[in-house]
Structure formats: C-alpha cells, structure tokens
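Some structures to go through are shown next.
Below are two complexes that have chain A in common, paired first with chain B and then with chain C.
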Partner chain A sequence: MAHRHEVTLQPSKLTLGPVGTRTGIAGLLVGVIALGAAALLGLKEGPARVHFFHSYLFAFSVFLVISFGSLAYVMIHYLARVGWSVSIRRLAEALSLNMFLLAILVLPLLAGMHDLFPRWFDEHSRHVDDALRDKSGYLNPTFFFIRLVAYFAIWGGLAAFFAGKSKQQDRTGDPKISTLMERVAMPGMWLFAFSLTGFAFDWIMSLNPYWFSTMFGVYIFAGCMLSMFATIVLLSLFLKSRGLIGDAINHEHYHDLGKWLFAFTFFWGYIAFGQYMLIWYANIPEETQFFVPRQFGVYASLSLLLLIVHLVIPFPGLISRHVKRRNGVIAFWAVWSLCACIFDLWWMIIPNEWINQIPAAVGHPTMPISDALPLLANSPTDMYNIGARHAEFIPVMNYPLQPMSLLVTALCLLGIGGLYLFSTMLALKGRSLVPLRDPRLPEALAFENM
Partner chain B sequence: MTTNLVTAAPGEEDQDPVLDPRFTYGTATDHITRHIRPPISASWVFGFGLSFLGFMLFNWAVTWLFIWGVGVWGVNIPVGWGFAITNFVWWIGIGHAGTFISAFLLLLRQEWRTSINRFAEAMTLFAVACAGVFPLLHLGRPWFFYFLLPYPNTMDLWPQFRSPLVWDVFAVSTYGTVSLVFWYVGLIPDLATIRDDPTRSVTARRIYGFLSLGWRGAARHWHRYQKAYLLLAGLAAPLVVSVHSVVGMDFAGGIVPGWHSTIFPPYFVAGAIFSGFAMVVTLAVPMRAIYGLQDMITLKHLENCAKLMLVTGLIVCYGYYTETFQGWYSGSPYEIGMMHDRWFGPYWPAWWTVVFCNCVVPQFFWSRRVRRSPWTLFVASLLINVGMWLERFIIVCQSLHHDYLPSKWEMYYPTFWDYATFIGTIGFFFTLFFLFCRYLPVIAVAETREMVHKKGRSEGVAAALRRSGYE
Partner chain C sequence: MWGYLAEYETPGEILHAAEQVRDAGFTKWDCFTPFPVHGLDNAMGIRKTILPWIVLCMGLTGLTIAITLQWYVNSPYTQSASLYVLSGYPLTISGKPYWSLPANVPVMFELTVLFSALTTFYGLWTLIRLPRFHHPVFSVARFRRVTDDRFFLLVEAADEKFEAGVSRTLLERTHPSAIDEVKD
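Let's turn to the complex of A and B:
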C-alpha cells in the first residue's frame, strides 16, 4: 500500500557477534552439566534406567520435531515460492542444521534399546509372540538401524544442501540458486514425508509395538509445525531483544507467524480428535490400548489437561489480530504452544515405560498389551481403574511422576535444549541473519497484512 | 544503508497476470455479461439438450426405483452400499473445490480466485444437489427421510447422535445452505448490473431487479455487503474441512477392514479438494474456449489449479501409502487379507487405475509446460475424475465384498438402473450448469472490477518501491 514504513537493512545488525558466542557457550555449559547430572541420576539398574532412556528419547524428540518442522518449512518455502517470510527463513535454516547435532545425540539411545523397546528388540521376546513375529520384517534391530542411518542421511543432506546454497546466494546473489532449490525441494518433500512418518512409527509408535494408527505420522507432523513456528517466534524475538535483525522481521511477520500458530493449533486439534474419536468409536482392543492406559488414575487428568492446554485455551487465545501484532503477547503464546507440544510428546512417550510392564504385572509377561489391559482393570466394565489385586502396580505407573523422575526428565530436556541452543548459535554464527540477496527479500521487507 | 538487492524474481510466471491489464471497468463488465444476452446460440441448445436427456434418464431411473424399491439396484449383502454411496461421496467431494476457492482463498487473500470463484461455487451447489439425492434414494423408504432429522415426535424416537451418519445429515445440509447463501450474496451486485443493462427486455430486467434485492450500489450497501461476505467466508471455511471429514468418518467409524483407518478424515478432505479442482479444470477449459474468456480465466488460474491438484494428490498418495503400510503392520489377518484382495483380487483393475490416475497422473503437474497447456490439463482432469470415482468405489464396494466372513464374500454387480442413476446425475449437473451459464454471469463482475481497480494501485506500489531504492 502506498503509505508504508521504510525498512532498511543494517549490516551491523545482521551478524550474530558476541551475543551468539555468549549464548552458545551458556547453552553448551548448561547442556553438558544437565545431561551429565541426568545420566548420574538416571543410569542405575531398574526402573530408573528405563525412565532415563524414555526421558532422553522424549527430550530428543522435542528438539528433533523442531528441526523437522524447520526443514519442512524451508522446503515449502521454495516449493510455494513464498515471499513474505524470506527474512525469517535463515532462522529456520539454522534450526534445520541442528540435524547434525541430533545425529550425534541419538547415539546414547542405542545403549537403551532394550529399555525402550523391550518387546520387539529382543529376538526371544519377538519370537514368542505371534503378532510381533508377523511384524518382525519391519521391527527388527538390523532394519531399524538401517532406517535410522537413512533418515539422518536424508535430513542432514537436505538441511546442509538448503542452508549451504542459501549461504552461497548471500555471496553471489544468483537467482538461479533459488530455482535449483525449488527443483531439489520437490523430491526433498517426498523423502521428508516418508522419513518423518518412518521416524514417528519407528521411535514413538513402536514403543508399544502392538498399537497402530494410520493418522500417527500426520499427528507428529502437526506437532512439528507448531513447535517450529513457536521456536522461530521466540528465537527471532530473542535476537531482536539483543538489538539484532532490526526491522527485517517486524510485527507484520509476527502477525502471520501468529496465524500459523493458530492454524496448527487447530490442525493438531482436528487430527487429535479424528484419531481419538475413530478409535473410541470402533472400540477395537488393538487400537484402544493406546488410550486406555492414558486414562488410568492421574493419567486421565493429564490427558484431559493435554486437550485443554493444546487446544481449548490457545484456540480462542490466538484468534485476535491484536494478539499477533504485539511482541510480548505473541511471545507468551509461542511459549505456551511450545509447552503444549512438549507436553504432547511427554504424554506419548513417557507412559510407555510402565505400559510395557503391564503384561508382567498381570503375570503373563509374553502376553500382548491389549490382552493384558483388561486383566489389570477392575472389571471389563470398569476399564480405567486398576483392580485391587494389582494395587502394587499403581506406584509403578506413577513412577514417572515422582519428583526425582520429573527431575531426570527436566534435566534431559534442559541438557538437550542447551546443546540445541549452542548448535543453533553455531549455525547462525557463520552467516547473515537474513538471506541478504535472496531475490524475494524485497517482498518480505515490504510485506503488510493490512 | 541499503544493501544490494536483486529485484528480478526467478520464476517468470510471477509476472503472469491474473487479469489482462488492458481491461477497464466497462470492458470487463461487458466481456463477462455479453454471453447472457439473447440470442441463444445453437451450441448452447445442443449442450443443454444433451444434458437434459441425461436428466430425463435420471427421472426415469428414480421413478423405476420408487416403483420397485432398491432391489432394482445391484446392492445386496455384503455390498449394501454400492453405487449410491460411491456417487454420493464423489459428488460431495467435487463440491469442495468451490467452497475452498470461494472461502479459503478469500480468507488467504488469493486474488486469483476472483475469475473462477463464481462458477466454482455454482459447481459446488449443483454437485451438492446431486450428492444429496443419493443417501435419500438409498433409504429404502425415502418418503421417511425426515426420520433423519431430530424433531420432537410422539414416539420419542431420536436419531443416534453418536453416529457419523447422522452428523452427515447435519453437515451436508449446513453445507448446502451456507454454499447457497454465500453464492447468492456474491451474486447480488452482479444481478443489479444486469438489471441496469438497458439492452435487456423489460421482463428480464424485472426478474433480475427482483432478485437483486434493491441493490443500488450505495457506499452503505457495499460496506455491509463486504462485511457479510467476509463473515460468510469465515463460516464456510470450516465447512470445507468438516463435511468431508464426517464423510470419512462414515466409513472409518465402522470396523470394516478398508474402512476403519484413523487417517480417513484429513485424507478424505484432501481427496475432495483434489477431485473438486479436477472438476473445476474440466469445466473451465472448455468454458473459457467457448466463451472467449482466456484473458480472464488465464493460464495462471489453470496453473494454480494444477498446483493445488498436485499438492492434494500427493496427500492422497500419502494416504494410500500409510493405509497399505499400516494394513500390513497391524498384523491383523483381516486387514492384510483386505489389502491383498485390493491389490490382486477381482477388483484389481479398478485399484490400479486409481493408483495410475491419482498418483501417477498428477506427477506430470511438476512440469510447467503441462500446467500451462489447457487441453493436456483437461485430459488429466478427466482421468483424475475417473480415478477419484473409482477410489470411492474401491473403498465402498471392495472393502465390503471381502469382510470378516469368507462364506459371505460376494461380488457386486451394478445393474442398468445403477448406471442410469449415476449418468442421470451427471445430466442433472450439466443441465443446471448450462442454465447457469446462460442466465448468470459465470465470472463475478463486481469482483473483477475491483481487480481492475487494484491493478492500477499495485502498479503504483511497485513504482514507489522502485523509487525507494530497492533496485
């Protein structure tokens, strides 16, 4: 529109400088100390060890999905030839480059495979069970590791390609680089969709290897995008608070990022409802086994809380235009959304540490979980209360909620988070904070919503 | 300090106009409305006549159905939901593109929607009309259709509110109502434009005048109109998602292998928009050629439709993939048996045609050349229409014919009356569409004039940006 604000780019504000070094080192220190403390507290025999690996996987997933979302966002950016958000893209590139850090951070999990996947990782237990024997073509350690290597090769390769080419464009300003990236983004998106789904099935769904849902990949994708947009809002606001970036990212961009937060909050709700409703409605034990244990005892309240935190509160909260155009308020909702995504992953991953023990608790260690659940319950008509004869299982179930267990979970989150921050600063260090010579940058700078 | 910036965009298509820049208010109006002035062309009479024959076939088939009952169709146990539900899902899916274009794209400020929203909305209405007929005909005793509605009655009987089939009644009727209101509200200024055309006969002007509800184009009228239109768009946008989600749940709520899949709601929505855009292209390509609307429905529009078909087609393929993979991964012998039957059983030609039409054909849209050649797109869109119909056929019939009891397995053979009803609705659809083309402007006149206005303004902005030193 004719009367618009003047946006100028100041090179001094576009390099990270000492802010990055300070933040990065702080992140590194916090990360190493927190992870070390978590390992010290968690790596004991028994339930503590199982809990440690579940907590680690949970924290790892929290940050992996942010990088997933960033990688998807960068590719969609080129596929759809987006203009408005070019000035934000560099941050997404940096977050996607954290795939390399995550490729290292996945290694400790390999020491805990038997704790995470007790039912199918061990050859013996896989073969005493018909259902697992049938899936052993997919759920077996060899193929699992081959897939893991392939996933990280795809994610790392794509992230390095897009971030590298974008950096190259900063030097040359060649519009052909954008065209090349558009071309690569086409197969890239295919590979991404399959590998993301694969990760969701391999690392989260197969924690309970009897359960399946075709929606699951989409469910994880919804979380990826929401947590990515929230992280980008927070990261850019942090950089702005340190006097960086200037007006290249302004309230017009936050307005649209806020719309995305709203859209994916709703999308998550839609996907979560679809999945829950259809499983509840059909009431097939193989499927309800995901939700039934999450309605035992205090977990029932936590499940309801997830619905409220992830959908009921942020949905009306994010509707208004005024919310999205004020930095402080949008920061609040970004923190909220990120917490909701973290809680969602906690809810998906952590309960498996005791769900996998249900068959043993009812005295049939090799029984499928869906068959064992009714035995644990009070009666077939009262599925959600644990029977008196299995009262000793209640402390097992509540173990992840003990203060010490919560501390380990929090330390894992803090530790991986610290390293993630360090790696993000490292990725931003060598490059301009805004893709300076992207041909669509003027479009982003001139962007207005109203 | 301003750094060196390149202003040339990498893709040439960015400069593609969504409207020929030479249009003025007058010429744009005239260009759109000249087709609804007399005389009636011979080609219109031929097209309308052919469609009307189809409509008569429909009436014949329905009359026959009412005389003899649903036994005239090929449905039986186990395939109790044959062509009728296949056609229902297909038609309601087609409708979705219209609402997507008119509501979603309006909220997303996609200005290119202007030239295609009117006829796409008309397409939605007619498709919903065709769709709505099938569940009613399928009732067995269609004269009791009102049992579906929750009305206070002496028998104290209520519909099963927990069933997606009942939600369907609410979803589809809401959808039909909102689409009609949205379409009509959008039409009001255009109806007034035709009313004010002095070359029309007095009767015609009276009728258009009555329909334009006293529109005078006053500032207050426009203000209220814009508000109402935006609100209706906000109301219609969730309907794009909800209606086909509920249709997906109609199936996924059942425990039939091949139906019960949690991904169905979003996968059905994507499939609906996919088939809807295919129908938009099927209608737009001949229409722009016959009416000479190439400078209003430009290659840019067709290209964007192709891109949307590509995106939604990929989502549909993803749905096929997860369904197949999870079918195996579930370890359930029924799921695995159903999937095996789908791939290699008696319906294999239909399934592999689905894969070809819905997964392979859209991949050609990666090519800019294909996206911009109207008749290639037209052929592709026909294939996608076929593919999406067969997909619903596979879901409805193949899943049912092969369920839990092997002794019950039975093939489904459609009868003449099944085909006649289906072809008849196509005739009904085109009868309405031909009438629409003849009596109403196929492109929104008022919105096009707004585009002409904005065009001048956006050129001003571009010039201002150049002056401010981005070059």
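Let's turn to the complex of A and C:
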C-alpha cells in the first residue's frame, strides 16, 4: 500500500556535531600539507614557478566557481520564491560563505601576477603592443586590483547577508525576513552577474589578453551551476551517510537536483558549442587563437575528451528518472559532473602557461599570440602540426602533462579542496542543517515529483 | 448505465478509495481532482507511460533526418550523367569542406528538438485520447465541482470486474459523500 510520505524533522539530526569537527580538522590538515608540498615543489625559478601559479589559479577557480554557484542559487531561490529546495538551501548558504576563505586564498596569486599575466601586467610589455595598449584602460594592475577588492566585497557581502538573515530566521521565524531577502536578491543578482563576468574576464580570459569572447562569462556560469549542484548532492549524501539531516532531504530532492545536473550539463554543451561554432565559422585569427593551440598535439585529444566527458556521456547518463532517484547512481553522476567541471577549468587555464611563450619560441617575443601561431605551425594551411623548425616547443607544450607537473596541480587542488572542506564544516557548525523556521519549509518537506 | 461516480470531500478520502478500487482489480476507472494530489498515481497503480520511449525514437529520427539531409544537399556533383539528378548543391563557404560537422550541429539540434517536442505534444493527446468534445460524466450535475473543491472517482461499467450491485457496495464502503449513476 503506497501512501504519500510524511516527513517530520528530527532535531537531533540537524546539528553537525563531532562529524563536522573530525571532517573539518582532516580537511585543514590535508589542505595545509598539500599546499605546502605544492609550494615546495613548485616555487622554483623558470617553468616550475609559472606552472605552480597556473595550477594554483586553476585549483582556486574550481572552488570559487562552486561558491559562485551557491551564491547564485541562494539568490535565485528567493527571487523565484522556491519551495521544494528549502531543506537544501542551508548547504548552499554554507558553501557561499566560503567566499571569505577564498578572499584569503586569492592573496598568494598576487605574488605570481607576472607569471600569470606576462603580456599585460607590466607596463613595458603592455606598451610595445597596439592591441594591449588599447586595452590598457581596463587591463592595468591598478584597476585590476580595485576590481578584485570590489568583487570580493560584493560576494562576501551578499553571502554574509543571505546566510546571516537565514540564521536569524531560525531564531525568530519572522516571515518578513524572507520578503526582505526577496527584495535584496534582485539587485544582488545583477551585481552577481556583472562581477562573475568580470572575474571570468579578469582572471581566466586575460591569461591570453589578445583573445575575447562575449560568451565567456556565461560559459563560466554554466560550470558554476553544474559544479555547485554536484557538490550539494555529494555534501548532503555525505552528511546523510553520517546519520544527519534525516529525511528532510530525500530522493524527491535528489530527483530535482539530478534534473538540474542534467539541465546544466546540456546548457554547458549549448554554450560551449555556441562559442566554438561562431569562432570556427568566422575563422578570424584573433578569435581562433583560443582553440588553435588547444588542437596542437596531445591537446587535440584532450579537447575532444572534454566534449565527450562533459556532454556526450553524461547527457544520456542523466536523462532517466530512475537514475536521479537512486542515491548511489546520482552520487556517481555528481562525481562525474564535478570531474568534468574540473577538467573544463584545467583545459581553460593550464595551456596558457605555454601559449604565452609561443611568440618567444618563434623568435618574436613581442608579437601578438595570434600572429605567432602560424609561424609555430607547420604551415599556415596546416595549423595543427608543429613543424620541424619548432620541434623543441613540443616539450614546453607537454610540460603541464609531465608526472611532476600533474602532481603539483593535484596537490594544489587537494590543498585548496581541504581548506574548502574545513571552511564548509566551519560554516555549517554554527547553524541548523535545515532552515528550521523558514515559512516555505513545509512545502519542501512535503515535496513530491509528479 | 455507463458507470458509477463517487464524490469525496478530501484528498485523503479519494486516496484511500483509489487504493481499494485498485486492489479490487479494476482497470477501467479514473480519478478527477481539482489539483494534483500527491501519491494518487501510486494509489491508483498507474503504470509508467511509454511516451518517453516514443519521444526518444522520434528525436533520433529527427537527428538522422537532419544529418542525412545536410549530407545529401552538400554532396558533390556525381560524374555520371545518368545520376546527375541525384547530386546535391555543394557550396564553398569560407573555405570550409562541403561536409563539415560543426556547421550541421544547429540543424541537428533543432530537428531533434522539433521532432521530440511535436511527438510529446501529439503523442500525449493520442495516448489520453483527446480531443473529445463530450464525456458521460458531464451528465452528472454534481461533477461541476471537480474544478473547485470536490474529488471524484469513476468506475466504468465496461470494466470486466463491474457488477452493478457489488461495485456500488465497494464504493459505498469507501465512504463517499455521494454516489451517482452515470448515464450515457
């Protein structure tokens, strides 16, 4: 006899307790040790140093993007007055509070600005080049740092506001707090959209300052939402496996989170292909310079692999309802999606460490990258094979794929990941795992997919 | 007689009644509610629809048509004079090969979506046997409140298990607020 399910909250399961302390301390230890090891291995002169900072930026972006997604999700939640996901929202709030950790973790990058942005960061190289001189009103260190401070002020402010008000509602149960947050969410969403695009332009797109794509902010946003939903699925399943939360998050919620994973998997494909196709058919050197180096040698296979891992496999994999309603299966696809997002950021950021060296490799250090590419290639009509004249560039290109370099990248990822886990546990520690007195909570508890 | 129509006042009552009718083994019966009632699908023992599989097949058909169409219209001229009519219209556009997949993806996407969407829409109408302009339940005056605050359960006389007196007793045991005979 199938009855509709009734969910009652079990207050004893809604505080994190010793699980959080243990996990948090483990995360902190792993984080500090891994980051220390990465710095020890990576902070040498030459390519190792450049690789370290690119790896660090990559690992930093992976986790920043998760917090971006969480912040956007909390705001969308209020904008749309969502009912079903109230019991999930506390996890998103905790993840968005990690902005404060990330504001600290961004500081080491400031020591590597010349390694990350060799073409526009110092005055001299900016002024030998028309394109970069024209962009220098935006791409200059002063304005860059002003923007960076503004971004973290916006993200930290919004995250603290929504998480703080929601915690206050746990005590007072005042529905007016919800309406206040609905009002703030609208301008908040505007600020968020602009600052997210700004971050994507500043820290990822300007690694190759000659290239531009107006779709880039949206591209990053697709990754934000996908990696955030994957993280929330994994975090909540982890907490449930430790006997927390109870039925407040059940397979009905995982069904909807699975729909989101599916939606953003396809959204990423749509955006990524849209960006690729427009650049491909216009075939203008200053636009194709993003894709051409990523089709050299091994990177051609990696680019295809990205398409397969990020879209071709998870699309049919996530389509079925039965997949989304089984905890083990949805956990598998959440891990898969998270890995796809991580690979996507790796593919965007890491190759720049050698792309920026192409002009020097062809003997014209001040030449724009798009002009240097045909000189590196076998011939202008066969852009994807590096000719005999520049065979010595192949090891430079494959440097990030060497075991030692991959280790540094992995240590950075593990290190920032450990600290991120620590900070998440810290944020969850002081509050109930479910917003207890949110006026829409009963809706979430009774939620059922038709 | 076309069937019995039982009226209930709460979602809980109709859920309970639906479980009993389901367990009695009826197949030709239905519930009518003013809003979606959680758990009613299970209480009625409704099987999963085959619509997604039809949509999948038609989506793949659309995809195949899109690929074939674009491959054919971009195919180079044949050398054979007798097959000349079968050749396509190859055009050189910005130096791309005649047959290059990225350019074809938008059409592949659109035709897949178009075929899937139309199949979903018309497939649903076919499966639930719409449009129909009249249904015997409308002859019961009480049934008008189905769009407002009453819940109805209809057992059709065409059902194999249906026996006028017995079925009426079955419905009476579920405590409806009223039972009406539906006339043709």
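Definition applied: the second predicted complex is superposed on the first by the 447 of 450 C-alpha atoms of A that agree within 3 Å, B and C clash if a C-alpha of one lies under 4 Å from a C-alpha of the other, contacts with A are read in each partner's own complex, and residues count from 1 in each chain.
Assume a contact is a pair of C-beta atoms (placed from the backbone, for glycine too) under 8 Å apart; a residue touches a chain by one contact, two chains touch by 3 or more.
None of these values were measured; they are calculated from a predicted model.
Colleague: Will chain C clash with chain B on chain A after the two structures are superposed, or do they fit?
Modeller: Superposition result for chain B and chain C: clash.
Colleague: Thinking of the overlay built on chain A, is A:450 touched by chain B (first), by chain C (second), by both, or by neither?
Modeller: Touch partner of A:450: chain C, not chain B.
Colleague: On the A-aligned overlay, A:179 touches which partner chain: chain B = first, chain C = second, or both, or neither?
Modeller: A:179: touches chain B, not chain C.
Colleague: Given the touch rule stated above, what does A:297 touch, chain B (first), chain C (second), both, or neither?
Modeller: A:297 contacts neither chain B nor chain C.
Colleague: Please name the chain, chain B or chain C, that touches the greater number of residues in chain A.
Modeller: Larger number of chain A residues touched: B.
Colleague: Once the structures are superposed on A, label A:281 by its partner contacts, choosing first (chain B), second (chain C), both or neither.
Modeller: both
Colleague: For A:135, decide between first (touching chain B), second (touching chain C), both and neither.
Modeller: A:135: touches chain B, not chain C.
Colleague: Kindly classify A:271 by the partners it touches after superposition: chain B alone (first), chain C alone (second), both, or neither?
Modeller: first
Colleague: Which residues would you name on chain A as touching chain B in one complex and chain C in the other?
Modeller: Chain A residues touching both partners: 1-2, 4, 277, 281-282, 446.
Colleague: Taking the touch rule as given, give the residues of chain A at its contact with chain B in the complex, in rising order.
Modeller: Result: residues 1-2, 4, 6, 8-11, 81, 130-132, 134-135, 138, 173, 175-176, 178-179, 182, 186, 189-190, 193-194, 197, 201, 212-218, 270-271, 274-275, 277-279, 281-282, 284, 286-287, 436-437, 439-442, 446 of chain A touch chain B.
Colleague: Which stretch or stretches of chain C touch chain A in the complex?
Modeller: Where chain C meets chain A, its residues are 15, 19, 36, 38-39, 41-43, 93-96, 102-103, 105-106.
Colleague: Where on chain A is chain C touching in the complex?
Modeller: Touch list, chain A to chain C: 1-5, 273, 276-277, 280-283, 446, 448, 450.
Colleague: Quick one: which bits of chain B touch chain A in the complex? Just the residue numbers, please.
Modeller: 1-11, 14, 162, 164, 241, 245, 249, 252-255, 260-266, 314, 318-319, 321-323, 326, 329-332, 366, 457, 460-461, 464-465, 468, 470
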